[in-house]
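First chain written, first letter: the chains are A, B, C and D, and each begins at residue 1.
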Amino acid sequence: MKANPGKKSWYIPDAYLPSSGLGEKWEGHESVCVLNVGEQDAILTFILYFEDREPITIRDLRLAARSNRHIGMHKPEQLCGVEVPRDVPYGIAVESDQPIIVQYSRLDVTQPNFSLMTTTPYSE
Amino acid sequence: MKANPGKKSWYIPDAYLPSSGLGEKWEGHESVCVLNVGEQDAILTFILYFEDREPITIRDLRLAARSNRHIGMHKPEQLCGVEVPRDVPYGIAVESDQPIIVQYSRLDVTQPNFSLMTTTPYSE
Amino acid sequence: MKANPGKKSWYIPDAYLPSSGLGEKWEGHESVCVLNVGEQDAILTFILYFEDREPITIRDLRLAARSNRHIGMHKPEQLCGVEVPRDVPYGIAVESDQPIIVQYSRLDVTQPNFSLMTTTPYSE
Amino acid sequence: MKANPGKKSWYIPDAYLPSSGLGEKWEGHESVCVLNVGEQDAILTFILYFEDREPITIRDLRLAARSNRHIGMHKPEQLCGVEVPRDVPYGIAVESDQPIIVQYSRLDVTQPNFSLMTTTPYSE
């Protein structure tokens, strides 16, 4: 088993948080899912990039050693209080001080059915 | 944080723009989502490949430094006026003069429900 | 622009061709989408792997230079006459004599709605 | 054709097994799809990582030479009897003693429609 697998930089060009689909039983959402297989806690920074506004930086997100988190981009309490703007296309860079693995997923409930998508982002 | 992450060449073999799903509240579409984390503006070229016709080249698409765009393949105004043919399977090569990151997504509304898919394309 | 991008070997562990969803307006299907950006025609071999039967090899699939094809796993006429078994989990190895790029997608219509999924397979 | 393609370590940060969607014609589920193109049988270990509990290790999963399996995370009989907790976000590390290829997919039927997602996980 590898001691410290993963990468420190991950990039997600297709992020989007719809304002529709709120108030239902299941809220539409995006998750940045992060896995730390190593023995060191990791400190993460998210940088949000937009077409026509300045980037937003969210610092000091914690990912314990040997743990996994699904961080919801619609939950300010998981993002140091930052509210991600709704209905605005954006992209996310994830920087970590330890090697981690990232997967990005979206659940859309704009219409009554569920629609899921997921990808393993580009990393360096 | 990396100064200039990404690759200059990305390849999407499964592109498809349906003619159905138009005229509804939400139009079915494909997006080539592009992220430029670097400090230099990027100039992009899209080359569309087909089974039995010549490739189509779309030049001079702009992606500002430190920005993110979701380029809609159904929007000629975002593609230097090029109209992508409907209902024809094709593939896309994205070439950039600066390293960028690409993600490809499709929203299908051929039937009343939403269906989403996304992937991080192959890059070199 | 790169002269000959891609890889010669691609691997898709999650392939599945449902028998349901037939006879409707839209047939559920899987596509192995292949892109040849180079100047040489490519010859492809598909090898199908199963849990408890021998692999099936499909030889001599053609992909012209500078072209793109969406090869339907439900269409024997695109697979040298091979009928892929329905309702059986399998995996696909794609071998090419030229570098190519592959993307795998599935459209499921087991229930009346559409559901799409796609991924960029592992390559070597 | 490559003799022994793949990697020995694969990482899936977005795993989730819903308790809803049970008892219907089609059960919602996750599959870890594994492909062994080589001539040696492979022995796999799954390690499940959580946000706030200890990892769970599932040892001694078998993948025969030149075969493919779709391992269902909702089927204890395929996981040496381990019952994966429902409704809990988690991540999966797959370790193999031989190079293999992995793809992760989920079928969600929380609502009556199907929703599929898939990705090729990060590997080392």
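Worth a mention:
Everything below uses one rule, namely that a contact is a pair of C-beta atoms (placed from the backbone, for glycine too) under 8 Å apart; a residue touches a chain by one contact, two chains touch by 3 or more.
Going by UniProt, the chains are A, B, C, D = Sensory rhodopsin transducer.
Predicted model, so just to flag it, every value in this text is computed and none were measured.
Farthest chain from subunit A (Sensory rhodopsin transducer), judged by C-alpha centroids: C.
Different-residue interface: subunit B (Sensory rhodopsin transducer) and subunit C (Sensory rhodopsin transducer) share under half of the residue numbers found at their contact. With centres defined as mean CA coordinates, subunit C (Sensory rhodopsin transducer) is found 31 Å away from subunit A (Sensory rhodopsin transducer).
Centre-to-centre separation between subunit A (Sensory rhodopsin transducer) and subunit B (Sensory rhodopsin transducer), using Cα means, comes to 22 Å. Counting only residues that touch two or more partner chains, subunit A (Sensory rhodopsin transducer) has 112-113, 115-120. Taken in their complex, subunit D (Sensory rhodopsin transducer) has these residues touching subunit C (Sensory rhodopsin transducer): 1-2, 5-7, 26, 31, 33-37, 66-70, 101-105, 112-120, 123. Residues of subunit C (Sensory rhodopsin transducer) that touch subunit D (Sensory rhodopsin transducer) in their complex: 9, 11-14, 16, 45, 47, 49-52, 55, 89-91, 93, 95, 106, 108, 110-113, 115-122, 124.
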